[in-house]
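One structure, as C-alpha cells, below. Some questions next.
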C-alpha cells in the first residue's frame, strides 16, 4: 500500500478545467493530486528566425517553456530570472519534442505554437502532466485557427499523453508524487501516442541500477496509466 | 458611459479565492474583470544577506516579485528569463514598498516574507490588484506563524489596498481596464491604508499634462474605490 | 531651520554650465548644492527597431539613461556593468517619460534623442535635477537640428522642470539633500510644465503614511520651487 | 549495409589514449570513427557549497561539463560563452548522473571529481562516448588519490559504458554517426554497468513513433555494443 | 606640420583640476586637447575576497575601471551595461597594472584603492591620460589616509605618467588625437616612472609592420613627452 | 642555468602536428614543452554584420578566440561560460590583430576566417604559441579555398610568429615556462613578420621597472627565437 492509500497501478485524481483564462487560445488548469499546472497554448503567425530562413519554411513549428513558479514549493523556489536552470531546460525540451510528435506541420502552415507550462503547485510528475495537459491546450488552440488551415488533413495526427513510473522498495508504481519520487530507486517517464506507440522513454537509476525485467514491468504500468489519461483527455475535450 | 457599461466611479467585479494552492502559506487567486492574478506569500526563516549584516537584524523584511506570465496577453509576452524588464522592476518595487507599510517588522522578527504576484491574465490594473490581493495573502501567511510571533502587538498595523484612476475624454474614471488605460490622458495609481492615509501616489501624464483640479477629482475617486476594496478584503478574510 | 541653514521653502544653490563638452549636441553640467550631474543629449538619425516597425514611424522618439558613477558616493558605488539595478531603471524611465512630455514628435521627425544623466556627485535629488538639466540639454540639442526640422511648429511645446519635496519632523521642506532625504517621512517628486500643470507626481510614505492635507502642502511647495527652477533654466538658455 | 560499410551491429573503430595531457589526473583522448573527445578528470579537495552545507558532507561528489569546441563542426559552432545551450546542459547532466552511479561517495570522502568532456571533433555519439571515456579518466584520477582514500572498499563499485542505437529505414543499428543520426527514426542512448544492468535509457522518436518490439531489438543491440566497449575500456586501463 | 598645427614632438594643451568633486578622496578633471576625463580615487578599507584569503593579506591592492560615457563620442557610444567590451577590459587592466607599479602595498596596508576613469569626451589618448591623471588622484587619495599609514616609508615609491606615440606618413609623432590615431601606421603607448624607466610598452602595427629604427625613434619621443607630463603633474600637486 | 636545464636563449622543444582533426580546414596541435594547444582555422563565407554594412565589404576579415580548457591547469580552471574573463579577451584580441597583419583582405574576399586557440595544457607562453600555431592553421585553411580566391596575388603577404622573453634574476631569457613567468621581473611578448619587422610588442614590468638597455637585450633575444620558430613553421608546412 502506498503512503496515500493508492494501489501500485493507480493514478492520482486528475482534474481538468479548459479555458481557465480567455486571452490565450488554449488555457488548461490541470491537476494530478496536489500537482497543479496552468498550461497555455499561444499562436504566433510567424516562424522563429532560424526556421524562417529554412527552405522548409512553409511548415510550422511548436515550442514549449516550463517554469516552476516561486510559490509552487516550500521552501519557496528562487525565480529563474537571470538564467534558466538545467532541469527546466531539459523538461521544456522534452515537452516540446513530445507535442511536436502529434502535429502535421505542413497542414499547420508557417506559424508557431507556444506551449507554456506554469507549475502553480509541485508535487511530482510535473513534466508528464505538462505533456498530458499540453495536448488539451494544443487541441483548443488549433480549433481557433478555423479556416486558416486546410480541412483536408487534420493538424493533429494522433493524441499524446505521458506518465511517470518508478520502482519503490522493489515494487513498480504508477504516477509518483514528490515523496515517492524522492525515495524511488528508478524514475521512468514515458510518453505515448493514442495508437499505443512510444514517443519518448527516459529512465534513470537513482542510486541503484535496474534490470531488464524491471524495465518491462514499468513499461506495462506506464501503458496502462497512459490509456486512462487519454480517456480523461477525450472526456475533457468533449465536455 | 464606459465601453463595458460601468459608471465612472464603478469598480470591475472583484473575485477573491483564498488558499488556491496549499503549499504556500498565503495563496490568493484574485480577479478584477478579466485581470487575474495568483498572489502567494511565502515565509523564509532567514533574512537577506544585506539585512542580516545590519544592527537592526532582529527586525524582519518583506519583498515582492511581479511577473506577467507569457500566456497572460495576446500576443504572447516573451518570458523574462534573462533579464527583468524595467516595467516589472518598477512594479515589484512598488508592491514591496506598499505592503511593507503595514508590517511591524520588530514583531515579525528576523524572517522574510516573499510576495509573488503572478499575472495569469492581464487586462489593466495588475499592479494595484497585486497590492490589494497581496494584503490578503500576507494576512494568511502571518496567521500561519502562530506562536512564533508575540501576541502583544499585531504584526500587521493597518490594512492596505490600491486602485488605479485616470482621466478619459476629460472625465475621471475608476479602475481602468486595458482599453481605457491605453487611451487615458492621465494614469494615477493610489495606495492607501485602512485609516484613509496615503502610502503611495504615482500619477503620470500620458500625452497631456493635468491640472491641480483634475488631480483632486481623481484622488477623491481613488479614495472611494479603495474603501470598497477594503470591505471586499475584510469579507474574504472572514469567509 | 534645516541642517544647512536653509528655509523650508528654499532651493539649494543651482549652478548650470552649458556646453561642458562639445562633442554631444547638448552637454550641461548642473549642480544643486553638492549634487552634480553631467547631462548630455545626443541625436541619432534613426529610430529604435520597435519604433521603426510602427506605422507611426514618421514620429521621433526620446529615451533616457541614468547612471551613478562609482566615485559619486562614499563609500564608492559598484559600477552597474552586468545588470542595471532596479532604482536606476525606475529613474531613467521617469526622466525619459517626463522629457517626452514636452516634445512634438511629429515635428521632430524620425530621429531619436538620447538623454544621458551621469551623476558625478550624489547628494539627493538626482532624478529631479536630471529632468531639470535634461530640459536644457534637450533645447541645445534641438537647436543643432537647424533646417532638418520644420519651422512651422516648435519641436518643444513647453518647458519641463522637477523638484523633490518631503516632510521632515512634520514640516514640509523643499529640495531635500541626502541627509534630509534619508530621514524624511514622505518623499515626493513632482514634474511640471511651464504652464503650471503636472507631468508626474510620485509620492512615497517612508515609514509613516501621510494625509491629504500634508499632500496639499507639499504640492504647493513643489510648485513654488519649480517656478524658480524654470527661471534659472531660461536664464541659462539665454546666457 | 550502412553508408560506411559497417554491419548493423558493428561499432565504429575505437581509439583510446590515456594521459594525453599530464596536468589533469585523468586525461583521455578517445575517438569512435571521426568523433574525437578529450575527457579530463580533475579532483578538487573541497565540496560544492550546496553539498558542504549538507549533513552528508562527509560524502564526495562528481559533476561533469560538456562542451563542443567551435572547430569541432563545419560550419564552425559558435562558442558557448555567454550562456550554455539547452543541449549541452542536458548532455552534461546525463554524463554526471551516469558516472555518479559507479562511485561509492562515502569511500571517496569529501572531495569533488570534475569530468570535462571537450568535443574536439563531432560526428555523432558524443554523449555516450563521453561517458565511456569518462569512466577511464575517472579510474585514472581515482588512482592518483593513493592513501587519501581507504583501501577497505573500492571507490568505484562497477564499470560504466554507454552507446547509442537507432532505427534507420526500419532496421535497428548500433553506434550511429552524424549522417545516420540525422536520418534515424528513433534515437536511443543506453548507459549500462559492468554487471549488465541499466543506469539510463533515453529514447526519442524522431518524426515517427516506435513500437515495443522495436524498443526490444534496440536494447539487445545496445547491450551487445556496451559489452564490447567494456572490453576496450579494460584493455586500455591495463595498457 | 600636423592637422592642428602642432610640431611632431608637441603635446596637446593639458589642463588639470584637482578636487573636481569632493566626495571621492581623489577627484581630478584632466584634459589633453579635447580629450576630457574625470578620474576619481576611492579607498575601501577592505581587500577583495581573492586577496583577503591570501597569506600576503597584510598588503593592500589597487584596481581600476575605465568607462567611456555614452555622450563622450559622436555618434553616441552605447552604454556598457550588460557586458564590458574587450577594449575597456584591456584598458582598465593596463591602467591598474601601471598605477600598481608606484605603490608600496605593504606600507599602504590592507585596503583597496579604486581608480575610476570616466571618459567625458574622447579625442584619442584616453588610456594614457587616464594613467597620468590617475597618478594625481592617487596622490590626493593617499594624502587623506593621514595617520592610518606609517610615515617611515612613503606609500608611493615613484611617479607614473604615460603618453601615446605613433608613426604618421612615416614621421614619428607625439600624443595623437583621434584623427591622427585612426590614420597612424603604428600605435605605441608608453608608461614610465619618474626615474625614467619603463613600466609598460604596448606597440601595435596598424596595417604596416615597423622596424627597429622606427621603434627607437618613437621611444625617444615618448620619453620626452612623459618628462613634460611629469612636470605638469608636479605643478598640479603643488598648486 | 634555467630550472629545466635550458640556456637563456634556448626555446623549449616545439612539436607541430597538422590536420589533428579533419573537419576544420586548418587544425594544428602545437606544443612548446608542456604547453599544448589545438588551433583550428574555420572559414565562414559571410562577414560579421558590422563589417558587411561597411563600404569596404568586399574585403574579408579574420578574428580569433582563445580559451583555456578547464583541465589545462591544476587546480582546474573554472570554465568561462557566463562571461569571458579580461585576460582571455586581451589575449584573443592580440592573436586576431597579429594574424590579420599577414592577410591581404582584398584578395581573401568577403569571407571571415575564425582562429580558435584551445589551450589543452598551460605551462606559459600560450598567447605567443597561439600566434605561431595560428599562422600554420591559417595557411592550411587558405589552401582549401582553391579557386575561390584570385591567384594573382597571395592571400598571405608574410609569415608571422611570436615568442615571449623576460628578465629573471637580471638575466634576459627566451620562451618562459609557467614557473619562470611567475618569477620574472619583466614579461615581454613580441610578434614579428618573416621580414624581421615588428607587429606587436607588449612589455610589462612585474614589480620592478626596466631600463632601455634591458629592453634592447630582450628584443634581440626575441628576434633570435622568432627566426627559429619561423624555420619550424616552414618545415611543418612542407612536411
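As written, the chains take the letters A, B, C, D, E and F, and residue 1 is the first residue of each chain.
Heads up, the rule we're going with is that a residue touches a chain if its C-beta (ideal position, glycine included) is under 8 Å from a C-beta of that chain, and two chains touch if they have at least 3 such contacts.
Heads up on the chains, UniProt names are A, B, C, D, E, F = Ribonuclease PH.
Because the structure is predicted, anything quoted here is derived from the model rather than measured.
Engineer: What's the fewest number of moves from chain D (Ribonuclease PH) to chain E (Ribonuclease PH), given that each move must go to a chain touching the current one?
Structural biologist: Step count on the best path from chain D (Ribonuclease PH) to chain E (Ribonuclease PH): 2.
Engineer: If you tally contacting C-beta pairs, which pair wins, D-F or E-F?
Structural biologist: Counting C-beta pairs in contact, D-F comes out ahead.
Engineer: Please identify which of A-B, E-F or A-D repeats the interface of C-E; the criterion is that more than half of the contact pairs agree.
Structural biologist: A-B
Engineer: Just give me the whole-number Å value for how far the CA centre of chain A (Ribonuclease PH) lies from that of chain F (Ribonuclease PH).
Structural biologist: Spacing between the chain centres: roughly 51 Å.
Engineer: So the centre of each chain is just the mean of its C-alpha atoms; given that, what is the distance between chain C (Ribonuclease PH) and chain D (Ribonuclease PH) in Å?
Structural biologist: That gives a centre separation of 59 Å.
Engineer: Whole-Å distance, chain B (Ribonuclease PH) centre to chain C (Ribonuclease PH) centre, using C-alpha means?
Structural biologist: 28
Engineer: Among the residues of chain B (Ribonuclease PH), pick out those that touch two or more other chains and give their numbers.
Structural biologist: Within chain B (Ribonuclease PH), residues 82-83 contact more than one other chain.
Engineer: What order do the chains sit in around the ring if I start at chain C (Ribonuclease PH) and move toward chain E (Ribonuclease PH)?
Structural biologist: C, E, F, D, A, B
Engineer: Which chain B (Ribonuclease PH) residues qualify as touching chain A (Ribonuclease PH) in the complex?
Structural biologist: Where chain B (Ribonuclease PH) meets chain A (Ribonuclease PH), its residues are 20-24, 27, 34, 36, 38, 40-42, 44, 65, 67, 69-76, 79-84, 114, 116, 118, 120-123.
Engineer: Of all residues in chain F (Ribonuclease PH), which touch chain E (Ribonuclease PH) in the complex?
Structural biologist: 83, 86-87, 89-90, 92-93, 97, 101, 158, 188, 192-193, 195, 197-205, 207, 209-212, 215, 219
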